[in-house]
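You will see two complexes here that share chain A, one where it goes with chain B and one where it goes with chain C.
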Partner chain A sequence: MTYYVGPVANLIRELHKLPGIGPKSAQRLAFFILQLPVAEAQRLAEAILVAREKISYCSICGNLTDQDPCSICRDEARNPALICVVEQARDVIAIEKTRNYRGRYHVLQGALSPMDGIGPEKLRITELIDRIQNGGVQEVILGTNLNPEGDVTAMYLAKLLKPSGVRVTRLAHGLPVGGDLEYADELTLSKSLEGRREM
Partner chain B sequence: MGFYKTEAVVLRNRDFREADQLVTLFSLDYGKIKAVARGARKPKSRLRGGIQAFTWNDLMLHTGRNLDIITGCDIRRSFYFREDLDKLTNALYWADLLERILPEREANPALYALFINFLQVLDSLPDNPKMTDDYRVLSHLFELKLANLAGYRPDLNQCGYCQKPLTPAKGRVWFSLGLGGVVCPVCVQAPEAGFLPLSLGTLKIMQYWLGMPVQQFYRLKVTKSNRQELKRILPAFLEYYLEQGISSGKLVRDLGDNLP
Partner chain C sequence: MLLKNLELYHFRNYSEQEITCSPSINIFWGTNAQGKSNLLEAIYYLGYGRSYRQVPDDQVIQWDYPGWRINAQIVNNLMDPIYQSCDSLDIVYSRETKKKTIRLNQHNLSKISNLGTIFPVVLFSPDDLPLVKGSPGERRYFLDSLLNRIYPSYYKVNQRYQRNLTQRNHHLRSSKAGNNKYLLETYDQELSELGARILQFRFEFLPMLSKYVKNFYREIAGEKAELSLLYLSSLPSTAQIEFNYGPDKTVKAVDYYSSLVSNFYTTLGRLRNTDRQRGFTSIGPHRDDLVFRLANKNLRQFGSQGQQRSLVLALRLSELVILENYIARRPVLILDDVF
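And then the complex of A and B:
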């Protein structure tokens, strides 16, 4: 990077900080930006700034929002007795796309990960307990990822919430749509057997 | 090397590039390997099941430019403990220790066998939330046996200073992190930095553990005070030799403590 003059090196360095962007991609993006018309580069820079300034976390559910509380937490038509706990704001989008869920959310902003030094205090767990203690919650659906971090988080929360008396459920581990049975791993297959439904 | 085969347990996998996963393996023939499972995040991938954490596999790999490529897997069994918080978190702790302690591409068949053994013992324990203490003892046993097979066997029989065998008469000795073993109460009399108090009872447990098959871990009575000493000594010993902080062990223990 020392081959580049200051501003170019700086741009590459900043882009390199983005997730999934290696040094080569950072260079490619930097050169793309450098050949943009100034007006377009300005729009890009502004879009980043405005989004960063206007968007914050909802004080209730932790989702990304431009208003506090967010539109889902303000929506009277959504069942406040049902909370789906997810790791990230992008998981809210994924569930919203199903158009099948009418409860509310709680975004933890991460998952427990002993290997990465992420303990309960780094997640929005106290906020979740507070919401439940304030009353009115009947069921918490644990929608964390189906990997070690997500499973540790779900089991930890299930144990933590048990004394509060709310019903705690976990998203079923099913077969992926379009997944051939013969390629499904044994865990997925046995989980989808357990989670089978009446037809 | 082109194509090669080995038996391995998955220590960890992470999302990598668009649809791939980067997998850390503990293999029988090549020790720790980092390899890419291409397309493994797609639902139809044949590799998906085999590269999940704690899956015991027969793998086919191909040498790559930087990272090797996993081309096929045949699952022996999964040690992924999805239903038991203690089992899963302790297994994660062991995997974290192995990831840190194992050099890349250096076979250690004895340590590999030990790890499989520990996973089998963990699997054989009943799912019981009241057994947290047993899991902790098992994790301390893992720490000691891991240190031993990774080349850091602590000297538990003679004083690291005067070289005299420890006489069982005295109530307390020291464990020296720097000397990697015990020191007698004649050579060190008052507490000093890097010297951890060690009761003879706990010392005997450690001596016995070094030669004991993993399967027998529950046969030896480990009291709460033994456990506290083991907790102070063994993780610190590993951290001292690896020259790095290892937060996973404490985090796993705290997770259990914080629960109602």
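And then the complex of A and C:
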């Protein structure tokens, strides 16, 4: 970093901390920013600051929001009896893009992973149980990822929620839409056999 | 599978060497430290993408050179009378980039494990004795790597099992393990389902392995007593299973699965306190072993040096035949210092 004068070096170092940004990309971004008109750079800096200050987690569902409760939790048209549990705020966006889901969400902010020190107490599980105990919930859809951690989180929640009597469902595993049977691996195929449906 | 031609550049003690092989058996002889094993190591590299001596890629570079390269002309179809249709297999390693590139006919290979079907190799070397004498892990490794190559989904199931096992062990060691019954139950459930699948694969496969090992051992050692292969399971009700080949004796895997799952699950539950104290999962396919017995004596402990070597060779030859059956190509057999 001795090639750069102090402020440039600082900028590169900060950009380098972002995910997916290596030293080369950080340098390219820094030089791009330095060429911007001052007003433009100001807007970028402000956008970062404002987003960071205004955005917080929704106290009900844990999604990112600028108002508490978030727009989805406030939306009267959405079915409050249906909750989809996901790991991250970006999963909410993925499901919203389908425009097929009219229930509400619950963002856990992670998945169970003892090797990373993430136990049930680190996730927003108590909040989920409170929501269900407050009544009105009929079905919980477990939409955690389909990797080992996501699966374990889903199974754990299913065990935990069973006594409450609500219906607990899991997103289907199996073959992708447009997929060919011959290319599916045995694990995927056997999962989709287990989850087959009457036609 | 045939190795027609081999070129080595700055690999071990070879600066530049070209070798043309004969289409049947090839014998390399010479005095000590001439590089016979190094040559075999290079052939092994073609089949596995790594050294069998468990050294990193940068340690096989000839002293002071920036990298090494192995090029081989391999022939797939031995029936081909003109013996012309060769594939060119290249492995290049550069010390500077620390990168190993594998190319088949100039196309980069995405996965090293693909080499297993492109140029299958089976090796027998003096360093192989731990397969019989060593810890159970050595024999599980042998079994797992063979199963991985035969059933592609075995690898996935095993990988998932190992992942859940690591998570369960971390959970057992964390201070909160005591007050969360549900989480441990969840791991138990996942482990028992995946573990039962692993056992199912192993049980389906073992009768065949048993058949070949017995026959090869008889041929090599010429002993009257029959060798028996036992699977030593850490699950109580399947504690010892002897595998004999035959339609009546093969375990019917399908109806077996659910009983394996419940057996595994209840045992995990019973050992929960022990596991918590020890900080690891004490039963499961990751703790199992293969036992070879001759006249009721475990060859691992009581076999003579000669018997143990014969058994290793029998295992390697079985590996060869089984791979040949499954991937429809006869692997290249490398025998290092077999006499």
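Quick note on the criterion: the second predicted complex is superposed on the first by the 195 of 199 C-alpha atoms of A that agree within 3 Å, B and C clash if a C-alpha of one lies under 4 Å from a C-alpha of the other, contacts with A are read in each partner's own complex, and residues count from 1 in each chain.
In this text, a residue touches a chain if its C-beta (ideal position, glycine included) is under 8 Å from a C-beta of that chain, and two chains touch if they have at least 3 such contacts.
Here the structure is a predicted model, which means the values were calculated and not measured.
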Task: Clash-or-fit label for the pair chain B, chain C on chain A - done: clash
TODO: Report for A:G20: first if it touches chain B alone, second if chain C alone, otherwise both or neither.
DONE: first
Open item on the list: After the superposition on A, what does A:L160 contact: first (chain B), second (chain C), both or neither?
Closed with: both
Open item on the list: Tell me which touches more residues of chain A here: chain C or chain B.
Closed with: B
TODO: Could you say whether A:L187 touches chain B, chain C, both of them, or neither, answering first, second, both or neither?
DONE: both
- [ ] Go through the superposed model and pick first if A:M115 touches only chain B, second if only chain C, both, or neither.
- [x] both
- [ ] Have a look at where A:D151 lands relative to chain B and chain C in the superposition and call it first, second, both or neither.
- [x] both
Open item on the list: Quick one: is A:P37 in contact with chain B, with chain C, with both, or with neither? Answer first, second, both or neither.
Closed with: neither
Open item on the list: Just checking: does A:G136 make contact with chain B only, chain C only, both, or neither of them? Give me first, second, both or neither.
Closed with: neither
Task: Contact residues common to both interfaces of chain A (with chain B and with chain C) - done: 112, 114-115, 117, 119-120, 148, 151-152, 155-156, 159-160, 185-187
Open item on the list: Touching residues of chain A toward chain B in the complex: what are they?
Closed with: 20, 112, 114-115, 117, 119-120, 147-148, 151-152, 155-156, 159-160, 162-163, 176-180, 183-188, 191
- [ ] In the complex, go through chain A and note every residue touching chain C.
- [x] 112-115, 117, 119-121, 148-149, 151-152, 155-156, 159-160, 185-187
Task: Footprint of chain A on chain C - complex, ascending - done: 151-153, 156-157, 160, 163-164, 166-168, 170-171, 174, 176, 180, 182-183, 185-187, 189-190
Open item on the list: Help me check something: in the complex, which residues belonging to chain B touch chain A?
Closed with: 12, 17, 43-46, 48-50, 52-53, 75, 78, 80, 82-85, 88-89, 92-93, 95-96, 99, 129, 247-249, 251-252, 254-255, 258-260
